[in-house]
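In the two assemblies presented below, subunit A is common to both, partnered first by subunit B and then by subunit C.
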Partner chain A sequence: MSFLSVRGVKKAFGPAVAVQDFSLDAERGEFVSLLGPSGCGKTTVLRMIAGFEKPDAGSVVIDGEDVTHLPTRARRIGMVFQSYALFPNLTVEGNIAFGLKVAGVAKAEIAARVKEMLELIGLPKLGGRYPVELSGGQQQRVALARAIAIRPRILLLDEPLSALDAKIRVSLREELRAIQRELGITAIFVTHDQEEALALSHRVVVMSAGWVEQIGTPPEVYHTPRTPFVATFVGTANVLPCRIEDVAGRLSFHGAPLALDHALTGVTGGEAMMALRPEAIALAPFEGATNRLDATVRDVTFLGPVARVRVVLAGEIEALVDLHGEATRILPEPGSASVLYFRPESLQLLDRRDRAG
Partner chain B sequence: MGIGPFAVFALLFLVLPTAGLFIGAFQDAEGNFTLANIAGLMTPIVANAFRQSIIVSGASAILGAVIGLAIAMALAGPGIPRFIRDGLLTLSGVASNFAGVPLAFAFLATIGRLGLVTILLRDLLGIDIYAAGFTILGTTGLTLTYLYFQLPLMVLLIMPAVDGLKKEWGEASAMLGATPWQHAWRITAPILFPSFAGAALLLFANGFGAVATAFALTGSFINLVTILLFAEIRGEVLHDPNLGYALAFGMVAITAVCNIVYLRLRAFSARRFR
Partner chain C sequence: MSARGLARGVIIAFGATYLLLPLAGVLEFAMRMRRGVYSFDAFFTVFEDHRFGDTFLYSTVMALVTVLIGMLIVLPAAYAVRLHAPRLRATVEFVTLLPLVVPAIVIVFGYVRLYGSDSWLPLTDSDFGADALLAFGYVTLSLPYIYRSVDAGLSSMDVRTLSEAAESLGARPVTVLLRVVLPNIRTSILSGAFLTAAIVLGEFTFASLLDRPAFGPFMQLLGASRAYEPAALSLVAFAFTWGLMALIGAIGGRRKGT
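Then we have the complex of A and B:
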């Protein structure tokens, strides 16, 4: 059985359904991100794991113990909030020691643990400061130390980096990952930032409108998105209509033949959607690029390492092509005819998920 | 330049009168320097007036502060509809300024010896509050009357601090294993204390300086500093304007200390808990 098991959890706030039938299993030491736009239900899931919200249905089991109806304080979880939520009346040491004090831990042990935590977060000299005297990054480090000082079973992170500026965000992200790996603690991380989710996680849960769109490793979610939402939310993708010609993986786009790299099972043909990453396309033939589509260049934006070319395909459908490296030396002229080349494995057939009911 | 008119106003109606008070407190009727007025503050009648004023304003400040805080916490809690909160805050704004003759009359008409509530309690429930020793003209009655404006003033003063308590602090406490009581004792109380103490001091100063309500309610039945001061300056029975200046000087000193401590506590809160 998994270390954390969330089964069939649902939550509505009045008529607004925040989470629809959410299930997730996480192993001990695993780092799982809940990724999605605002209002997709990711924070509500986290708050249900924490016990701040009570699910309308379903269960939350941590290390074999059903905690669905346990109050937060009995769950032994650590949480880091977006707004840090440090206690302003306590010093850094006071904040880190808080959970140990209320648990009645001996003074000497508290002092040793606080020292250990301060060293872990790289702020050994700031124990006597008050939160207001710290920068945002330092406050969030202290919040992390406070959460892990109590040796929680699970660490919950609610967009902990989003209130920080970009540079601090990247460095703290790396520290966070290092600390999580070092402690071997199971972490559930909520973010709307796909780069953060991909960089930190063992697995990513992509959510939209209360539903789980896809659960997978970062490369799986990126390279084989299952739904149009995942394809466009995680990175940039051209989501194009197509027709399934046969179970061997042959498709067509406005009459132009295309091929997948695998046969289809359980698909009988008909209209479908496919995803194609801009960086998987070239405007010149290359090895294995057996798929081709005629296009007309609409405009070109040169961005240094990348040139983004907007093209128009058959049926007046727009698509993006990213040219890299040497390919950006000679850029196509707007209005010129061009051919898009890409490999069968770059094409991803998407689910057409019907969510009515 | 923008504060010019205010500076002139403050100079004419605050600084100069206060300076006049200060000088008058150290002069006799002929304008010669004397410490007799300050010594006069130690006489039994004056000392008693200060004690009585401190008791009434202190009691009304403490009760107003505690009950006002409880009301503010309830208003800031979850599940309170917006219109109730807005309505109560507006009512507090009005009630905190409702003092003087109308307030005294309102209390006489309700819990005076022949007040509506007094009669209803006696005739309907058989409770005779006056037979039990209560009198609107006593310390308890005056404290109760003062509470009418002290309590809403407390709600207005403490509301920003209560609104500043973050929900996440409670959640962080719970996550760290604290009970609601542990959270209240270790986090909420220390955060609110400077604002609470500052507001209570302001209530004390407010009660200490109140004169019209007490005078309209009790005449000179209760010996408060403000009533004694009124008598010394108006001079119907007592007349010693310079002792009056000394009394006022004493009052200014006490309320100034309250205000300075309030401002310091507020500044501390703003700095530490922003």
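Then we have the complex of A and C:
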């Protein structure tokens, strides 16, 4: 059984359902991100794992112990908040020591642990400062130290980097990952920033409107999105209508034949949706690019390493093509006819269900 | 620039005159006890009266007890409302403001009727009972001030997130209240406490009708029977209140906790 097991959890606030049905299994030491737009229920899920909200249904099991009905203080979790939430009346040391004092740990041991934590977060000299005397990045590091000082079973982080400016956000993100790996602690990380989720996580849970859209490793979620929502929310994708022609994986787009790289099981015939990343398309033939579509170039934006080309397919459907490197030397003319080339594995058939609507 | 400075000076001078002139008048009057010369005789007479010390001590103890009971009731209540029933806040605030609307004389009459000699709980029959009744009455009277200052203190911090942070670190609700909430609203609690103390020290109606040896009735008695001493006494009381206010300011001015 996995280290953290969340099973069929639901939560409604009055008539508004915040979390429809959430299940997740995380291994010991795993870093899992909950990714989704504002209001999709990420925080609510995290708060149910923490015990701040009681789920209407389902269960939360940590290390084999059912904690669904335990209060937060008995769950042995560590929590890091977006707003840092350091105790303003305590020094950095006082903040880090708080959980240890509450647990009745011996003075000498507290001092040693606080010192160890300060070194871990790279602030060995700031123990005597008050939170107001620290920068946002420093405060969040102290908050992290405070959370892990009690050696929690799970570290829960709710958009811990969102209040920081871009540069600090990236450096602290790397530090956070290093610390998490070093301690081997299981972490659940909430974010609405896809780059953050992809960069940090072993696995990403993509959520939308209270539902889980997909759970997978960052490459899985990026390259094989299961729903139109995931395809467009994680990175950029062209989501196009298609027809399924047979179980061998042959499709058609407005009469033009296309092929998937795998056979289909179950589904045969009918309308469907497919996703195609802009960077998987070239305007010139290349090895393995057996799929082709005729297009008309609408406009071109040159951005240096990338040139973004907007094309029109079948006379009415807009799509994006990203040209990279040498391909950006000679750019297509707006209004000219062109052909899109891409490999079968670049084409991803999507579930018709799109709960985000 | 200079016109602005002048206007500012005039306004300050006007305000200062408005506040200080009556005080100066009272002081001047209080110092005329000995015919022909200015003296502090009236002040000495007041301080020499043993009732001054006795009633002042009684009222000070009352003030402390009132603050203690008031805080014990209000702090957990305000905290719980904020955390678990934010929709009740308006109602609770209204209830705490009621003592400002209902006159003290009505409240104390109610007390005497409810807890008088022939009632089911004759508190007024014993000194301790009457003292307790007075203290509870004062708690009611000071409710608006205690609640408002505590609530203002709670507004100045992110109570919910800090409480949750403490809880996630293993703290029980009582620990959260004592170790996280209380230290961060210390200034507000002190200002509520001092306001309460100032009110209790001068209160007349409750103490008089319950026949308690408090400072308020003493001031009233002196005022009814003497000429110069009440003026001196009011100045002393005024100085004391101002001292309390200055203390609030001084403690509030210190930013950091200990």
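Keep in mind that, in the parts below, the second predicted complex is superposed on the first by the 352 of 357 C-alpha atoms of A that agree within 3 Å, B and C clash if a C-alpha of one lies under 4 Å from a C-alpha of the other, contacts with A are read in each partner's own complex, and residues count from 1 in each chain.
Keep in mind that, in the parts below, contacts are C-beta pairs under 8 Å (C-beta built on N, C-alpha and C of every residue); 3 or more make two chains touch, one makes a residue touch a chain.
Since this is a predicted model, take the numbers as computed values, not measurements.
Asker: Record, for the superposition on subunit A, whether partners subunit B and subunit C clash or fit.
Answerer: clash
Asker: Between subunit B (first) and subunit C (second), which, if any, makes contact with A:Arg73: first, second, both or neither?
Answerer: A:Arg73 contacts both subunit B and subunit C.
Asker: Which partner chains sit in contact with A:Gly235 here, subunit B, subunit C, both or neither? Use first/second/both/neither.
Answerer: neither
Asker: Go through the superposed model and pick first if A:Pro225 touches only subunit B, second if only subunit C, both, or neither.
Answerer: Touch status of A:Pro225: no partner.
Asker: Between subunit B (first) and subunit C (second), which does A:Arg146 come into contact with in this model arrangement: first, second, both, or neither?
Answerer: A:Arg146 contacts both subunit B and subunit C.
Asker: Please write out, lowest number first, the residues of subunit A touched by both subunit B and subunit C across the two complexes.
Answerer: 50, 52, 71-73, 76-79, 81, 83, 85-90, 98-99, 102-103, 130, 132, 146-147, 150
Asker: Quick one: which bits of subunit B touch subunit A in the complex? Just the residue numbers, please.
Answerer: 166, 168-169, 171-179, 182, 186-187, 190-191, 271-274
Asker: Touching residues of subunit A toward subunit B in the complex: what are they?
Answerer: 50-52, 71-74, 76-79, 81, 83, 85-90, 98-99, 101-103, 130, 132, 146-147, 150
Asker: Contact residues on subunit A for subunit C in the complex?
Answerer: Against subunit C, the touching part of subunit A is residues 50, 52, 71-73, 76-79, 81, 83, 85-90, 98-99, 102-103, 130, 132, 143, 146-147, 150, 156.
Asker: Going by the contact rule at the top, pick out the subunit C residues touching subunit A in the complex.
Answerer: 157-158, 161-162, 164-172, 175, 179-180, 183-184, 186, 255-257
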